[in-house]
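Below is a structure I'd like to ask you about.
Chain naming follows the written order as A, B and C, and within any one chain the residues start at number 1.
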Amino acid sequence: MRRMKLGMAAVAVLLAGSLTACGEAGDDDNEGVDVDVKEDAAEDFDEGTRMRELAEEGKVTIGVKFDQPGLGFKGATDDAPSGFDVEMGKILAADLGIDPENIEWKETISDNREPFLEAGEVDLVLATYSITPERRAVVGQAGPYYVTGQQLLVRADSDIDSLDDIRGTEVCSVTGSTSLENIKAEGATPRGFDTYSECVSQVLDGAVDAMTTDGAILLGYAAEQPDDLKVVVEPFSEERYGVGYSLDHPEMCEWINETIEESFENGQWEEAFNLTLGEAGVETPEQPELDPCPAS
Amino acid sequence: MAGSVLFDAPGPRTIARHRIYSVLSVLALAGLAALVVLKLEEKGQFEYALWEPFLTPEYIEALLVDGLLNTLLMAFGAILGAVVFGVLFGVGKLSDHPWVRWPCWLVVEFWRAVPVLLSMIFWWMLLSLGDGPLSPLQCVIIALTLYNGAVLAEAFRAGILAVPVGQVEAAYALGMRKTQVMTTIQLPQAVKIMLPVLVSQCIVALKDTSLGYAIGAPGLTYIGEQIYIEFRVNQVPTAIVLAAAYIAVNLLLTLLANWLQKRYVGEKKVLEVPMVGEAHVTQRT
Amino acid sequence: MEAVFSNFGEYLDAFGVTLALFAVSGLASMVLGLVLATMRVGPVSVLRGAAGLYVTVFRNTPLLVIFIFMAVAAPKLGYTFRFVEDVEIAGWNVSAYFTRACIALTLYTSAFVCEGIRSGVNSVQLGQAEAARAVGMTFLQSMRHVILPQAGRAVIPPLASVQIALAKNTSVAAVFGMAEATATMRAFNNNYADQRVQIFLLFALGYIVIVEIISFGSHMLERRAKVA
């Protein structure tokens, strides 16, 4: 009987909670770059190219991260993700004449980016996707549209300011990431969590000594809480974020590079950056040099 | 009450002593509770902003629809699958043919001994990552089906064996075949006996759906994670809300199990399965 | 196969962490569970209620949510347990992550230990308790000298099951920063994606061995208790 009453009470509390629901948490302004969606874009591409197909279909599927604020993040109540990667995706889609509303966003995690591209689950991947020779062996990667490197995020009062200091400390990053393996090689105890945000919270609470991943991500967090967090150590790796595409459609590379180049020139790249990572206080970086496309 | 046998009906002095114990323990418990509340207060955990998401319609909807509904979907999907798996393998373990019995035994023992999370991650990497045909949610269902199915197989077996031998003998005497005896005499009664076990297994499955968090399957815990990632500071309120939600649902299931027990089995006869939930791994009968 | 064999040291280390988690939280949960069970069958109704509430709460909350409490929410309140890092036991430094994981596992498992012991106590014949009372023993005396030693026998199978569950449940620590067996399987999978099935089977085998040893041990104990 007592159990029953407990259960009833719990249900009553839940119900009361939902009936009197009146909070207004979360914010709705999810505005991104004002992209100029091209009209009759299909005409611009040669018959038989993937770009033409996509433009004619009027739909494109893009893989982005859903858990990295500033780059690709989708909250529990959001309809679409937001972030720098997402904005770059919109710019690319606009060049195909595709409205942001007609983009299908698919969540990709670090483990499934190549397979998604190979299987045609997604047309493009913009998911903090570092260009590496190993990856280029199986998928295409155009760009880079952003260059960053692995760094450390520590509490503002931390003594850690060189790579030597992290020997014997505990460092958080995302389970299965290369950052975590790199830091293990440096002599730190790796602590794998599900998302970067949880790592940040571990750093803030003093549960770990530092967290590590690409500087772009860390700077975003540090800029949000400059009194509590700082980014230390010169980048000890170079991560060049590229746009992933399938090797079945090598013609996409030139188009992606041209579109990125165009966004450098017409200011959309900078605007996209300022609205996302820049919003959090990260300085706009220099425009990176694009890799030439492999001769097809 | 079990306790009543363990101590005498208290006399006046003992009553007085117990009163002192009671007062002391009330004080201790109240002190503990006060400590928790003070700590929460000190750390600003009662601020409205931290709790606001749970009073905002969109987030409540996300918790109930994307969260609770998916959690229930996974739990019941897994239990449905587990019942099928359990009947097949539970009966298989009782087979007269060694070449049926042993493989069934092996499969059941394997999935009982492997952590659900390990199997979940495996199925997810095999079937969902990359071009895999299944969603993480389906992988959660697979892992839970295998585990709970293996436990239920054991319960079915015990349930079948709990059917009085006389009934089986009578059925044979009427000229029924082995399969007939199993499907018309033993299984229906076994199902009745093990209904409460089935419901308590639902609770196990429901709790284990939270492991889907590790592979990005939607569910209450996953939505909770999204909420504390989005708002950054309300981990404590989120954890409290999550726990409360699971407890509420599980208590409802417990009520159901008790009712079924009373309705179909009677108060006294609780089916003795070699530890439901977590089993005695090897069956040495 | 060679994914595991060429990294066999890492495989063993991983199961070492799993075993350490199991050993520490197994012991701690037995102690806390025994205390709870005593409260639960004792004469003080307030304590009975408190233990009952504890069991209801922790039995119905998923272990993962308890881990969220310990690993994600508790640090927000200032409980990081980093002070344990100054403690050194036989050359081993205890980490705060390990401590928090053990606390989460202990809190959860104790509720089941309590229920296991309670059912064992209930299985002791009424006459025994009555006889103990007749010779004038107090509640704690009769528990200690009469009930618990006999309940011990009946308690072995359910407690063994609880401990087996605990051994498997240590896998949840993988999600919260512990590089134990399940986390290591995941890492191996990232590096050797083509050997997923073999890797899984080898890690499963590790757990099966642990589970079988506990199960075998409990059978031995049970047999000895019967003879005595």
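Everything that follows uses one rule, which is that a contact is a pair of C-beta atoms (placed from the backbone, for glycine too) under 8 Å apart; a residue touches a chain by one contact, two chains touch by 3 or more.
For each chain, UniProt lists the protein as follows: A = Glutamate ABC transporter substrate-binding protein; B, C = Amino acid ABC transporter permease.
From a predicted model like this one, the values you see are computed outputs, not experimental measurements.
**Student:** Could you classify the connectivity of these chains, where an edge means two chains touch, as line, ring, star, complete or other?
**Tutor:** Topology of the interface graph: complete, with all chain pairs in contact.
**Student:** Which chain pair is joined by more contacting C-beta pairs, B-C or A-C?
**Tutor:** Of the two interfaces, A-C and B-C, more C-beta pairs touch across B-C.
**Student:** Measure off the straight-line distance from the CA centroid of chain A to the CA centroid of chain B, and report it in whole Å.
**Tutor:** Taking the mean C-alpha position of each chain, the two centres sit 37 Å apart.
**Student:** How many angstrom lie between the CA centroids of chain A and chain C, rounded to a whole number?
**Tutor:** The answer is 39 Å.
**Student:** Based only on mean CA positions, could you tell me how far chain B sits from chain C in angstrom?
**Tutor:** Once rounded, the distance between the two centres reads 17 Å.
**Student:** Which chain C residues sit where two or more other chains touch them?
**Tutor:** Residues 56, 72, 76, 78, 174-175, 186 of chain C touch two or more partner chains.
**Student:** Counting only residues that touch at least two other chains, what does the list for chain B look like?
**Tutor:** Where chain B meets two or more other chains at a single residue, that happens at 125, 213-214, 225, 235, 247, 251, 254.
**Student:** Considering chain A alone, which of its residues make contact with at least two other chains?
**Tutor:** 3, 6, 111, 194, 198, 201
**Student:** Within their complex, state which residues of chain C touch chain B.
**Tutor:** Listed in rising order, the residues are 41-48, 50, 56-57, 59-66, 68-69, 72-73, 76-78, 118, 121-122, 126, 129-130, 133, 138-139, 142-143, 147, 157-158, 160-162, 164-165, 168-172, 174-175, 181-182, 185-186, 189, 193, 196-197, 200, 203-204, 207-208, 211-212, 215, 218-219.
**Student:** What residues of chain C sit close enough to touch chain A in their complex?
**Tutor:** Per the touch definition, chain C meets chain A at residues 52, 56, 71-72, 75-76, 78, 80, 82, 95-97, 174-177, 179, 183, 186-187, 190.
**Student:** Across the complex, what residues on chain B touch chain C?
**Tutor:** Residue list for chain B touching chain C: 2-3, 5-8, 10, 18, 21-22, 25-26, 29, 39-40, 43, 45, 110, 113-119, 121-122, 125-126, 203, 207-211, 213-214, 221, 224-225, 228, 233, 235-236, 238-239, 242-243, 246-247, 250-251, 254, 274-275, 277-282, 284.
**Student:** Which stretch or stretches of chain B touch chain A in the complex?
**Tutor:** Counting only chain B, the residues touching chain A are 49, 51-62, 64, 66, 125, 129-132, 213-214, 216, 223, 225-227, 229-232, 235, 244-245, 247-248, 251-252, 254-255.
**Student:** Considering only the defined contacts, which chain A positions touch chain B in the complex?
**Tutor:** Per the stated touch rule, the residues are 3-4, 6-7, 10-11, 13-14, 17-18, 20-26, 67, 69, 75-77, 107, 109, 111-112, 114-116, 118-119, 121, 194-195, 197-198, 200-201.
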